[in-house]
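Next up, some structures in structure tokens.
Two complexes, one shared chain (subunit A), two partners (subunit B, subunit C).
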Partner chain A sequence: MIVRAVHISKYFSIEGGVFKRETGLVRALEDVSFSVEEFSTLGIVGESGSGKTTLAKILVQLMAPTKGVVEFDGSKISNFRKDMQIVFQNPYASLDPKMRIKDTLYEPLLIHRLAMPKQLRDKARELLDAVGINEDALGRFPAEFSGGQRQRICIARALATQPKCIILDEPISSLDLTIQLKLLDLLLRLKERFKLTYLFISHNLNVIKYMADSVLVLQGGRIVEQGDMRAIFAHPSHPYTESLLRSARR
Partner chain B sequence: MNKLLLVGIAIIGFLSAAAILAPFISPYEPSLIDSASLLMPPSYAHPLGTDGLGRDLLSRIIYGARISLGIGIIAVGISLCIGVIAGSVAGYFGGLADSIIMRSADIMLCFPTFFLILATVAVLEPSIINIMVIIGLTSWMGIARLIRSEILSLREREFIQAAKAIGASHYGIICRHLLPNALGPVFVNATLGIAGAILLESALSFLGLGVQPPVPSWGNILIESKATLGVAWWITLFPGLAIFVTILGFNFIAEGLRKHWGYNA
Partner chain C sequence: MLKISNLHVHFDLDGTIVKALCGVTLGVNLKETLVVAGESGSGKTVTALAVTRLLPAAARVTSGEIYFNGKNLLLLEEDALRKVRGKEIAYIFQEPGSFLNPVYMVGDQIMESFLLHQGLPRVEAFAETLRLLELVKIKDSRRVFFNYPHQLSGGMNQRVGIAMSLACRPKLLIADEPTTALDVTTETQILDLLCELKSSFGFSLLFITHNLSIARRIADRICVMYKGQVVEEADAERIFCSPQHFHTKELIHAYQTIGTQ
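Take a look at the complex of A and B:
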């Protein structure tokens, strides 16, 4: 085990009216528990609004759960800001538009003292090389890149802290089909090369099948199915999983 | 770069250069009294004429540019510092800090600022420094509100979340990510603020509480011309023109920046 979620629930209160009274409660996650093995990929699948992004943000502590805790194996993850990273769904909003690519990459290196000032450029070049981006990107701004290129740069930034575990929140869903497959292969190669653990979020079971060892199916914030990838593909036990499978086979 | 921005920068650049180079380009000492040439209309010796004490108007306006532009820029600099810090803290941290800061801003906005400045200058003395500081201290609220609302809209964006995830500090997130993305509209606002501060000093001069003679500011030159308005139109026209052109220049820059950056507010 490298990361474990223990009975996590997240409720958002909806405030309405002039006096900001609480008028409703969105149960984005309800009693979610699972654990992730080191060097494996856990696929998290669910339709839009099922709580995938909320779960991702709670795991990297960008958001506090209403109930429950996230536990780390202390021998593998000592500083979760360094050892856990996240890549977001929308590459167009994930890079600071006012920052050159090199500064975006230098930032994590400087924060965690992973490079001396003189080595910064070489390190940044290596990171870009690892994700297949030409080094002349260093001096440019995000606006000059396509969605696929930006997502690669986001992956490079995540790799900069030398993480053990990366949460990928629908990293390919906003990209063209041809680029999607290339990015998935890149992610598989990076996983081997840097000995990573992935939590791979998607709404597409085919993608999950390609990437993951085990899978967790979310519906309306609850886990409806959880287990080994192949077993679930062969014998889905929940009707929701079956319907996801049916739409994936199409 | 659009034309508006270029024209604005040209105007303000020209006036600033004149202000900086005042000792080298002004034909006379600004307070040199020449009883042989009182109230002379524009001529070759005195391009903009002379005033009731025989002082050269062009020289006084050039030196006045130092005072008037200086007051505008430094006053706005002070209000920018306060407004940016207050607005970022309020927008980023929210909660109690936000309530305290924004309520203070609301309270300050309720006071009629001009009378507040008037009262303060009357109690202290109307020195140039006091005027700058007081204008600065009473005009940060708009900037704070603007920064706060920009930061509120940026705070949940993915690139800010990503910066948190790589371990950036609050300070790093505000200074490296939030402010560079939030400052655009604030600069537009501040540019107009400089024009506003110059006008405010003129208004204070009108009530005798602006920069005190014999130090020339455009405001007090204009006000001193009141006595001789009937006989010497140039003493009223030229400082008025200087104020007008400056305000126009800053407005051009503000409007030009807004277009250049694509805001439509």
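Take a look at the complex of A and C:
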């Protein structure tokens, strides 16, 4: 088990009135537990508002859970920030528009002391090559790239720290279908090559089917179903999963 | 009815020439639905905008012809073209929020075309607008008339957009990814509405999408674009049964593996 979430809950309080007193509570996640095997892909499905992204943020410790803990295999995950990376949904928002691509890629390498200044350029070139972007991208700005290319650059940045696990939060939802499929194939190749574990968040069950080994279905912040991907596709036990499956079938 | 032949469009971006269209040839027949499919950057939108010369300033049509009911639109005077644009050829765009003016009530924006293009008196224009809003299945048209775009949902705004485009009873409607910004259920409603209006109004439809499942639902013929060219054109069924070009196969493969309904 590389990642284990134990009874995670996350509540957001709603404040109102003059004294900003708590007037209500949004239960974004309620008692979520699961574990992910090394080198496997866990798919997390649910419609918008089901708590997928909150879960992703808690897993990479961008947000603290209200209750519960996330455990990382101590012996294998030594440096958390380095070993766990995330790729966000909107590649237009997750790249700094004023940073050249090379600076975006150098930053993690420098922070985690993974390259000497002299090696930076070669490292960055290797990363771009791995995601199928030409090296003349190094001197350019994000605005010069299409959505698909930007997402490849985000993946390269995530790979820079040689992570063990990458969380992919709807990484392809804003792209055309053909480009989506190319990116999925790239992610599958990278997983083999770098021995990665993925947590793949999506609202599209067909994408999950293409990528994942096991799946977890979220509805209103609760897990309504989890287990082996094939088994759940063949015999969904929860009506919500069934309705998701129906919308995925053509 | 619409015939585009060998259209070349170049963009001049600070001295670098980008060839957006390299010889596009396609035609739309009377009362037909032609779907133009292709991935982003393939030139679909540029083709659509070129038809009534709505391209941005950096774009230049370097060669080619566009005939609409016998008139060459590329050679038409600006005044004459303005009579075609909006009146005979109308558009629906992708972002319902972006083509509506946020500081005018939606009813006024629809009514404008009755006043300008058809010269109706205000009272009649108002009545016509309400009738049109009902035609696009907006139930309380009297309330919606006085709403601003931000008070309506994306799907409602898109209905307003459709109403606006139909105000002059166009002969050709160009819909550029009109459902991409909407969720699946609303998408289905809008597509059904378009098909229904098409048969009652009797316009031809040029529909642009990257999504083959939509193409399959509405198209008579499909035209696949790739890198600024039309690489395949055939009846909808033929495209799905025996795709010829590799990009068509790519689109179909993507749709079959990860596409939703």
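The criterion applied here is as follows: the second predicted complex is superposed on the first by the 248 of 250 C-alpha atoms of A that agree within 3 Å, B and C clash if a C-alpha of one lies under 4 Å from a C-alpha of the other, contacts with A are read in each partner's own complex, and residues count from 1 in each chain.
Basically, a contact is a pair of C-beta atoms (placed from the backbone, for glycine too) under 8 Å apart; a residue touches a chain by one contact, two chains touch by 3 or more.
Keep in mind the model is a prediction, meaning the values are calculated, not measured.
In the superposed model, A:Leu184 makes contact with subunit C only, not with subunit B.
Legend: residue contacts after superposition of the two complexes on their common chain; A:Ala5 is shown touching neither subunit B nor subunit C.
Legend: residue contacts after superposition of the two complexes on their common chain; A:Ala248 is shown touching subunit C, with no touch to subunit B.
Of the two partner chains, neither subunit B nor subunit C is touched by A:Leu59. Touch criterion not met for A:Val131: it reaches neither subunit B nor subunit C. Between subunit B and subunit C, B contacts the larger number of subunit A residues. Legend: residue contacts after superposition of the two complexes on their common chain; A:Ser146 is shown touching subunit C, with no touch to subunit B.
Residues 146-148, 175-181, 184, 204-207, 210, 247-250 of subunit A are the ones touching subunit C in the complex. Across the interface of their complex, subunit A is touched by residues 39-41, 184, 210-213, 247, 250-251, 253-261 of subunit C.
Note for the complex: subunit B touches subunit A at residues 157-159, 161-169, 172, 176-177, 180-181. Those residues of subunit A that touch subunit B in the complex are listed here as 57, 60, 62, 79, 81-82, 84-86, 88-90, 93-99, 107-108, 111-112, 154, 157-158, 160-161.
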